[in-house]
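The following block contains the structure, expressed as structure tokens.
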């Protein structure tokens, strides 16, 4: 299985702060945010690690970390470090998704090398777990390739949207982790609406929950959790 | 994608107060309500922001904010400000929905400009997320247009009910956020019962949870959470 | 829409007391129960308001209030008053259902006036939300009427059971709130078993959760929550 | 309805102790267990009331009470008494099931008297709620009887397993409460595996959650909740 | 039923530590971890008992114990001992699965002896509950055997992956507990992707949640829960 040697793991962790944290003294909150942000900053030197705000959008999460690494153990070690910060005592993770890269069955037959995920740093990242109906896998490879090519052709007309889909078969509850960078959430809404009529869309079993993350520095996100960002601006 | 330039974002956030908040001293509760109401009042000068009571109706939520803005970042900034109030330490958001305007595929082909949502300020607002069966999207555009026209014809006979549906494809877990202003909840019940026989209704995958909000000033809603409103009346 | 002028709203609220309440001093619990019971007693002079015990039956609820009123705002005002009592700080409402009366499509075509719900005060009340499969609504009105008449004919042979079904289309997550008064829970079990073979039963999408309430004075119910009733008897 | 006069009610209540209870002083825990066990012992003189341990098996429950009584009100009164003990402040009931006896439609047409449930006191009790697909009820009575006879014939070959199924139509969310006493959990696994091929099995809509209870004295179960049993043995 | 005499029980318990535990003094946490680890070490001399980390992967669990024993009561007694440790007051078990060995219907007809589960101690263990569609059981035994042989043939080409599937019919909510030891999570992803096209895969009703555990000493896992491991390394 030499072709898997350069697999990247992609993980998405969604965090929610306990409202009880908001009742702590401001100094205690500040120290907790600082320690958490420092750990993340340290790891950003070792792996591709990006933060996104969900504040004011999803009801059950506040922010998301997008992690990309060739070394599976990094996922455990990063979390272990974060567990050592005071903020961890008030954080829960309503969702966390694991996936890996591999060559597409439909578009990359020649190279056999997994396409690496390289974020371009767009202002928004839309992420959701994806499961196809089992009937899809009973179609011939030609039928599936044709459907995926139609699908990709529509996507390619939305030039400001970049697709970073990875694979979760057997290592998480979904089949794919779909991830799109875009310039404006409404752009992505138009793409998805347009794709509803496609052949491939008929074989969707589940494509939720959908997370629209706004790319922000982690310190700014943490300051928005208790309104510190707002008070500084005022 | 110039035609999307005037997109409005519509968000619905459903709040629940922790019963533990009711055990706080009355002064602390009053200060928490005051700070929360002030933030909302400030934002009402910057965007269309309305409050609705669910007290005594839905079991899992107490009130709803309906937000309309052309600027996506307003959603995060408003929540950041609310996070800075003492009441935030006792609030959860069991649901929050995101949608955007766009021209209807069935009725507005000519203009291509999204119909703007303009609330008329009716006493009740009925809101629910809506998902169609994927089979719907395999019908021809003519079949779908005919079904939607039948649907709209029934709705148009209920003259006291105003429809403000927006689109969530790819940016939230539903396809549509359906929203109706009406004069009396029972009126809307009659409309929905009448629509059950329609062609389009057969393609409904999910149309719950349904929230019947009563338009009220936010201060009155907050005073109903701990019965302060009741005691003042007595 | 003159025919809706005498609509009754029916609401069912299911309450659960937090186990932490049981750890409070007995005097504090007694005062909380007293204030709650007084509010309910006051409202019983203004609307039809009945209490039922679920203690020892359903796992997630302790008691139920059945509310009948022509005035929708009563539902919010009653809850506002209850929110002002100390017990509210320890109560949650795992379920709450909203419905309204209207003339039956199948049996009351002539009068067009909604049949009013008039409880007879039987010892047990069985309540559940009900949703039909959408296929039901594609049947002709004649087919549906015939199926409902078969259904009603079976029910009419159980003379000790009284049906008080109301309508929730568009104002809550179910289509109907089914409610039956009976003399003994096992009687209702026999009726429902008998109806499983009926034509209409094939079109049931959901008919749970089912609540078997025992009619009791609210003070007695509240005393059973912390065993005070038991200790007095001993 | 004279034939229902000797109906037995069967109830299964599944309890979970709050981990916070483990942090109480040992004397407080001991007193709480003692009071709870005394109430149960008192009721065991009035009704058939058995206790089963789920410790180390199901994740969400610790123990189960199996209650059999001809008097429906016993269910509320027993729980009221238990609510008066200090342990109740730390117990939740993730599940509770209600059912009643009646003559089988398939095997007891002649007598018309409900078969009474008489536990034999086997070391294990397997309990689960059961719902058939509505299609089952569209089969002719002969087809259903034949399928049930095949089903029963397989069961009768497992002589160490005793079936105590009761009926929940209309009084709880399942149709049946299936209950089997057996000598060893693996025996029951073999019976259920063998039944997967049967005609009746095709009409299963839901047969979970499944609880494998170990018959134990309640005092021993309560002592296992905080490891007191373990420490005494050591 | 002599052939069941050497049945092994397999249980998987998934633990989550309450974030409130992270706020305890470090000495209290250390003592809690030590007592918990000692109990497990003691039981490791009596049964096959292995620990796996889920830190940084699944959102709702932190670690997993894999238990193999011929004596069913061991499962209760081990948990009773763990309940006596201070850490138990802060642990929940979001999932726990029970299964047993038996001879495969498709591959071991001759011996009739259950294949014993013998872990080889690979660095990763992938575990998930599995339920087949009931239609599967209507296929002839020959059809099922052929499908399973195709399935097994694919699996056998992934030589670094070892299958330890056991049976849960009637003793837990799934039919099978699927468990695979492997050298790298991405290897297992490739196997599962490859199996999607197989005949047997069409009959999958549910194969989630999927847990990818990393084999680690329990003391190291416990130290990662509060970041103690990280701080020692620093």
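Letters A, B, C, D and E mark the chains in the order given here, with residues in each chain numbered from 1 onward.
Heads up, the rule we're going with is that a residue touches a chain if its C-beta (ideal position, glycine included) is under 8 Å from a C-beta of that chain, and two chains touch if they have at least 3 such contacts.
Worth saying up front: this structure is predicted, and the values here are computed from it rather than measured.
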According to the touch definition, list the chains common to the neighbour sets of subunit A and subunit B. none
Looking at where subunit C touches subunit D, is over half of the residue numbers used by both copies, so same, or under half, so different? different
Since subunit C and subunit E share one sequence, what rotation angle in degrees maps the C-alpha trace of one onto the other, as a multiple of 5? 145
How far is the middle of subunit A from the middle of subunit D, if each middle is the mean of its Cα atoms, in Å? 44
I'd like to verify one number: the distance from the centre of subunit D to the centre of subunit E, where each centre is the average of its C-alpha atoms, in whole angstrom. 27
Going by residue number, subunit B touches two or more other chains at none
Taking chains as nodes and touches as edges, what kind of graph is this: line, ring, star, complete or other? ring
Touch list for subunit B against partner subunit A, complex: 1, 4, 7, 9, 11, 13-14, 18, 72-73, 75-86, 88-96, 98, 100, 102, 134, 137-138, 167-173, 175
Of subunit B, residues touching subunit C in the complex: 19-20, 22-23, 53, 55-60, 126, 184-193, 196-197, 201-202, 204, 208-210, 212, 214, 224-231
